[in-house]
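Take this structure, written in structure tokens, and hold onto it; I'll ask about it next.
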């Protein structure tokens, strides 16, 4: 089943294009990482999918309908982000008490257990939570809704290290128990990479690739060796990134293809987060080039 | 009521609006710093509703010192009765007087042939006097004092306003007006007066019946009546 | 396998209504304070008429709910506007909501609050009565109580309720317009002034509030006006995006 | 149990290797049931799809077999197959390194074979 279907989705703010022709499809019950640099359009995409904002042009279908002003989409999806707000007159306990009325699959037990585990104060008001606790509460809320499409936008912002790993673990365990479509956007790809099945990489409002994690791992290969040898080997191939070490050079080459084994050049795999970083960097050089 | 006066009436309200707006803003800033829990709010609500209900019950039990407000129908009736009485009075038809208006009656044996009527205490005497001349040869004067309905906004003024005192000497009738008195009443209204602003004047007129004190004398024809204060109604 | 839960609009509106009645209790509390201040202001009476008969002068001080009502009216405008603010709209979307369901729920809340505000405004007069009678030694006239004139009570009560509803619906529309463009903040003030100053404005006001053959006709007109305000507000809110 | 996520080896290969190790250590008996993809995901804190991929590799190598509706089971000859495979793999890798090193040191093919034969004899 297709949960999300975007065809050439565009969205403009004022005159700036936030989404510039997004096309992808999301099959159900996968954890997908929405990766991209700041300003790539991740948040805009998620908000359109959640029905918070109107699409520009193109098509967007969530559960086969346009999410904007759609009750079925709203009832079966949730977007957890740091802008989530709850009435000031309700305590956290009140909010958790109201939620089952809205979300038919709300898991009260999970919500209460996580709430206790993270030692949140039930009498606290949402607006007075610290940044980290707010993120924790939102995460609990998002998980407990059990929505068929659960989206997290930078969920770990403000959380400390221990809570982050607890969050990822909780997410995975709940996903295993109740498989559903989960989308997470984050800067910290490395720390959640193991959770992901697919990666949707977007850059400047466009989809760079939408592949499984393993495919991304095989996406690129790094060559390290003496400059002339490496250059010869990389000639004619798409160079994603170069880095001068000393008298040697280090190249990253797109499309891991069969390389002849040459003495003096070692081939290394490139981590997923590095792949994403290199692919979305505008120049072919790195920060070192600035200091040349 | 013309539209202009309506505007004038609403302008102070606009100033009021502005003040309340400022007040609400202030209030919001203050309440931002108070943790209004749901429980506290609910308690406040219950206490307030309780107070309202208590007030309704308490109001029923507070003793009245005014009459019940008379219904518009009653006012019309009062007005009619006053009118009929007045006409009878003007026409000297003593027999037609409604006996319920009778307040006092007395007779007086005069010494001389003159009867002097004097009004005291009030610049503008409000009593109305009429004389029916009789053929009697005696010195006897019959006097009757009547008072017609006086109602205003439901208050029976007849009860609240003291009667003029009547003093009778050998050949004098001295009417003394009651000493000046100030009466203040609260009138509670269920209606929004803003909405009834147009017909309120009429309504107010309708709720007002002013009666008079009438003095009806039966005097033998040979008696000379001196009415220097001009009480007599002709 | 996907299991999509389907909720009807009615269910969602009902749930939102329950949620809002809990969440917006603060607005009700503020109403109580507004009424109490209105009561304090109206201690001096709204109008007094005097006249004299036989050396006796009368002053009749009329104590009605007008001042309290004026206060509550302003409260209603701001409560209506409050519901359209970002914070309140975003709160809805943390749960299940569409713009339509959210508007319907808001309107239901405004209706319920108007009923509450109308009833309490009407009854608050009784607090004033009791307090004045206990505190001052001024005589009073036994006025009609709710038990003596039930029909009159219901009529006066429903007028208050529906006026408050109309005002809050106006505030709601105003709030939506402000959300679309900040310049609309001053529109309301401008509108009130033009209504009062210009001839056409006065004609409109006269038509709505004064030239009424019967109370029922006034009520019908006010309900229609509230619905118009509300429908316009829905149209406006469809332009608004959440958490932008 | 921790996986090396920084490692050059894909996670699903690591999963497959872990199951193989368990089979060698007799912790998974032949014809016994192995962990499901969800148990593995929970155990290693990874996406179930990744775990499934690890299992699939082993099914393809016929080390595991599927029973519809019941799960994955260890094949009868699994242990031997794994040992065989590892033997081949390790030897091949070492031979490749040997060849590469020989080339670096300019040792000819014949000399290398001579060397191996000599080593063989020394061991006897």
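A, B, C and D are the chain letters, set down in written order, and residue numbers restart from 1 in every chain.
Just so it is clear, a contact is a pair of C-beta atoms (placed from the backbone, for glycine too) under 8 Å apart; a residue touches a chain by one contact, two chains touch by 3 or more.
The structure presented is a predicted model; accordingly, all values stated were derived computationally and were not measured.
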Chain at the geometric heart of the assembly (C-alpha centres): C
Chains linked by the largest number of contacting C-beta pairs: B-C
Cα-centroid distance, chain C relative to chain D, in whole angstrom: 76
Whole-Å separation of chain centres (CA-atom averages), chain B against chain C: 37
Where chain A and chain C are represented by their mean Cα positions, the distance between them in whole Å: 47
Separation of mean Cα positions, chain B and chain A [Å, integer]: 83
Chain B, residues touching no fewer than two other chains: 36, 38, 41
For chain D, residues that touch 2 or more chains besides their own: none
Numbers and ranges of chain C residues touching at least 2 other chains: 22, 25-26
Touching residues (chain side chain C, partner chain B) in the complex: 22, 25-26, 28-30, 32-34, 37, 45-47, 49, 51, 53-66, 69-71, 74-75, 78, 120, 122-130, 132-133, 138-147, 149, 152-153, 156, 159-160, 163, 192, 196-197, 202, 206, 209-210, 218
Parts of chain A lying in touch with chain B, wherever the complex brings them together: 89-91, 94, 123, 125
Of chain B, residues touching chain C in the complex: 3, 6-7, 10, 13-14, 16-17, 20-21, 23-24, 27, 31, 36, 38, 41-42, 44-45, 48-49, 51-53, 55-56, 58-60, 62, 64-69, 121-122, 126, 150, 152-155, 157, 160-162, 164, 177-195, 197-198, 204, 208, 210, 213
Chain C residues within the chain A interface of the complex: 1-7, 9, 12, 15, 18-19, 22-26, 87-88, 90-91, 93-101, 238, 241-244
Chain A residues touching chain C - in the complex, by the definition given at the top: 1, 3, 28-29, 47, 50-54, 63, 69-72, 74-76, 81, 83-90, 94, 98-99, 101-105, 141, 148
